[in-house]
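Each of the two complexes below includes subunit A, the first together with subunit B, the second together with subunit C.
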Partner chain A sequence: MKKVMVEHLKYRYPGTEKLALDDVSFEVEEGELIGIVGRNLSGKSTLAQAIVGLVPHFYRGAYGGKVIVDGIEVLHSTVSDISRKAGIVFQNPFTQVTGSKLTVYEEVAFGLENLGVPRSEMMERIDEALTLLGIYDFRHANPFDLSGGQMQRMAIASIIAMRPEVIILDEPTSQLDPQGTEEVFLAVQRLSREGMTVLLIEHKLEKVARYADKVLWLDEGKVMAYDSPSKVFSRDDLEEHGLAAPIYTQICKALKLKSPDGETYPVTLEGAYEVLKRWN
Partner chain B sequence: MELIRVEEVSFAYLPGKLVLDRVTLRFDHRSTAIIGQNGAGKTTLVKLMKGLLKPFDGEILIGDLSVKKVTAASLAKRIGLVFQNPNDQIFKGNVLEEVMFGLLNIGVEREEARVRAIRALEMVELEGKRDMNPHDLSLSQKKLVSIAAVVAMDPEIIIFDEPTIAQDHAGKERIKEIIRYLDEKGKMVMTIIHDMDFVAECFERTVVMNRGRVLLDGPTREVFSREEVLKEAYLELPTVAQLSKRLGLSETFLTPKEFIAHLEGRIKG
Partner chain C sequence: MKSISLYVDRQSFLHRIDPISKIYYIVAAILVPILYPSLTVAFAVMVISLILLFLGKVIRQTLSVYGFVFLVLITVLIIQTLFYPGNETPVYRIGQVVLYREGFFYALTISFRVINIVTSFLILVFTTRSADLVESLVRKGLSPRFGYVIASVFQIVPEMMSAMGRITDAQRSRGMETEGKLSVRMKAFLPLIGPVVLSSLLNVKERALALEVRGFNAKGKKTFLNEEKNFLAPTAVQWSLLAVILIAIIWRIIQ
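What follows is the complex of A and B.
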């Protein structure tokens, strides 16, 4: 079943002339994990806002085309209706924290209170989300006493506890250490295997290559590619549009060593190992 | 020459919970990366060096100045710190004023401050945004404004706390260039960073922190050859080193370039 359908979406912020999104179309199946990549200002965050309805309901501006999330059309729904279907984790956790709650536990409860979830279920969901993100031990801490990485995981837990059908994460690991980053990717992969549809904006292409089912590459508001990580990251025009292929791909490309399919280059550690091992 | 001496420094935000536990480090001019998991004490350590926090035990000397005895203001000419979150640093209504602010505070004349601020904005390629409100910029641009503001003050020691947050490929490359440029100018550049590929490419020396202590300290290549110790600090190898290890090679490679050159040699040979 298709969870997200975007058809010929065009969007311009108020007071600007350039289209932030220019004829964007793609579809996402239930449970898929999609990596959204592209240089800064390519339209990734705007697309994320368009899926949860902040574009156009909060930002206004000129809007054309259609976004359908779990069967409802974003343009004709309210942000609060869409919030029951799709949740977003912002790039900067400081933007997301309510600032009105004194503990991590209450912060994660906030969204659930708004949804009117019964208390006993709330407690169960909060514990689960905090454990999944590895911050259960900080549940009584003040959100503003957390490190950047811990706060980022709290922001993700707040959304996951709401159990949306679709979750969009905007660079969720930018402030995390390598282990924290890996934990978040594993948590996201688990959610996607359990059936949650995940859209992940990320600059770490090695991670995208390893975890994403498909890659949506945007540049100047347009879709450059929507395909498997190996197909997208093997393209020759990445650099020209401000992207660097995963390091594994760069190495194999420099050595002209293709994957067994004869078309693409390896994009992961294992893929690169397979083609390089015979040189040892 | 020693620029910074950290002697047996301990620090805690809450009683009984040591964030730094008798840390001793000496810093010379070599560019240095400080790595470690979230909460290891990295940011606390640099805030202490900058004089924003005072150690409750031990001593920190910046040159011959003890941070305990002088104010943060008097250290500002010697040591600059670019905060992790640019929103903690930025508060002026336009970009140029923001970059001039520190200069004016250390007593630079207004006209000279303006010239130096513009030069710093050119370095981060944001000269065209000088009349904008910094809060209307993207997170990655704000980060560059906060870098410009510190570099403009021309301190001998420049510390970056997570400079690559929110940067795309081009932004990261620009920050690498800035670090190399400052290094060549004889500045001591110290950086807290989670991006191991960036560490491998840019820094001569790497200090690994774990739970408020120094776990490893040495030339970057040596540090990245100690995978078992890095694991203890919840860190991973740079991508290239992961691949060379997976292939069973004994050398530690730091950049794709040197690894490709090595493999080309093998393929030809």
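What follows is the complex of A and C.
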């Protein structure tokens, strides 16, 4: 089943001349993990916000085309309605804390209270989300006392507890240290294994190559490619558009070592290891 | 976690009283002495307030507030005793200075009322978690948006203050003088406050987005994670306070 359908989406922020998104079309199946890549200002975040309805409902601006999330059209729904279908986690963990709650547990409850989820169900969902993200032990802590990685996992838990069909992570690890990054990625992988549809915007292409089923490559608001990580990252025009292929791909490319399929280069450590072993 | 909340966690019956009832008490404690403009009533209500504060086991934490209040009241006492327009009966004479009875009692009434108002607010502030207060008000029909604003102030203001500290350190490490003469401090003010305001504004936009996607503007009835707390007889307390106010009003009218 298709969870996200984007058809010929065009969007321009108010007061600007250039299209932030220019004729973007793609579809995401249930349970897929999609990596969204592209250089800065290529429209990744705008696309993410278009899926949860912040574009156009929060920003306004000129909008064309269609975004359908789990059967509802974003343009004709409110952000609150869409929040039951699609959740988004932003870059900065600090600004995602509501600031009106005194414990992690209450913080995660915020969205559920707003949606009017009954109390007994609320607690069940919160326990589940906190356990899944591995922060159940901190449930009585003050949100502002957590480390960056814990805070970001709390932000993800807050969205997960709302049980959306799709979760979008907009560079969730850009402000975290390596340990925090690893914690968040493991959590994302666990979500994906549970069957959640995940869209992940990420600059660390090694991570994308490792976790994503498919890669959506954007540049200047246009879709450059939407394919498997190995196909996208084996392309020769990556650098031209401001992307550096995963380090494993670069090495194998330099050594002219292709994967066994004979078309693409390895994109992960394991893939590169296999190819290099055979080459030896 | 720094907090600007003054709440003191204690086990007392006041802590178990509904925040709304405490607001009723504030209204009663202000209205009754105004309706009965006598020294005895003002004194009685003040004593009741102080006893309540004492029973709330927070009187020690409130001493600094009283220190400030007394400073103001002592000046009132001196000035009124000397210069109250209705002064007639001299009580005491120190050289040229005459202390009058009317002025003294007038100042005393004012003082009792002020202490009374301050104390009744202190009862609310020191024995109620801000989150409980906001939640009770939202349950009573206060707009959740407004409730959010009140609740978040308690956390976001300390956050802004720590941001201010970070920025001060950053600017100082680049050689800016932030301490010393008044003129130096004034010069340091803009480079400090600019980044604080700008970063706060940026944060506000990001926080607005984050709230939005968590259904902040959802229509329909909201639910609450916490069960409505089992406060001590809220209806009985509120009705009796209302009754006291009503009696005072009726007495005032027939008087």
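Quick note on the criterion: the second predicted complex is superposed on the first by the 269 of 280 C-alpha atoms of A that agree within 3 Å, B and C clash if a C-alpha of one lies under 4 Å from a C-alpha of the other, contacts with A are read in each partner's own complex, and residues count from 1 in each chain.
Convention: a contact is a pair of C-beta atoms (placed from the backbone, for glycine too) under 8 Å apart; a residue touches a chain by one contact, two chains touch by 3 or more.
Small disclaimer: the values here were computed from a predicted structure and weren't measured.
Once the two complexes are laid over each other on the shared chain, residue contacts for A:L186 go to neither subunit B nor subunit C. Using the contact criterion defined above for the overlaid structures, shared-chain residue A:G111 touches subunit C, although it does not reach subunit B. Within the superposed three-chain model, A:N92 lies in touch with subunit B and with subunit C [touch as defined at top]. Touch criterion not met for A:A62: it reaches neither subunit B nor subunit C.
Of the two partner chains placed by superposition, only subunit B is touched by A:E206; subunit C is not.
Once the two complexes are overlaid on the shared chain, A:G149 sits against subunit B while remaining clear of subunit C.
Of the two partner chains placed by the overlay, only subunit C lies in contact with A:S158; subunit B stays clear of it. Common to the subunit B-facing and subunit C-facing surfaces of subunit A are residues 92, 94. Partner subunit C is touched in their complex by these residues of subunit A: 49, 52, 54, 58, 78-81, 83-84, 87-88, 90, 92, 94-96, 98-102, 105-106, 109-119, 122-123, 126, 142, 144-145, 155, 158-159, 162. The touching residues of subunit B, counted against subunit A in their complex, run 36-39, 43, 84-85, 87, 138-140, 162, 165-171, 194, 196-197, 234-236, 239-240, 242-243, 246-249, 256, 259-260, 263-264, 266-267.
The touching residues of subunit A, counted against subunit B in their complex, run 39-41, 91-92, 94, 147-150, 171, 174-182, 203, 206, 242-244, 246-248, 250-251, 254-255, 269, 272-273, 276-277, 279-280.
By the touch rule above, subunit C contacts subunit A in their complex via residues 1, 129, 131, 134, 144, 147-148, 151-152, 155-156, 159, 203, 206-227.
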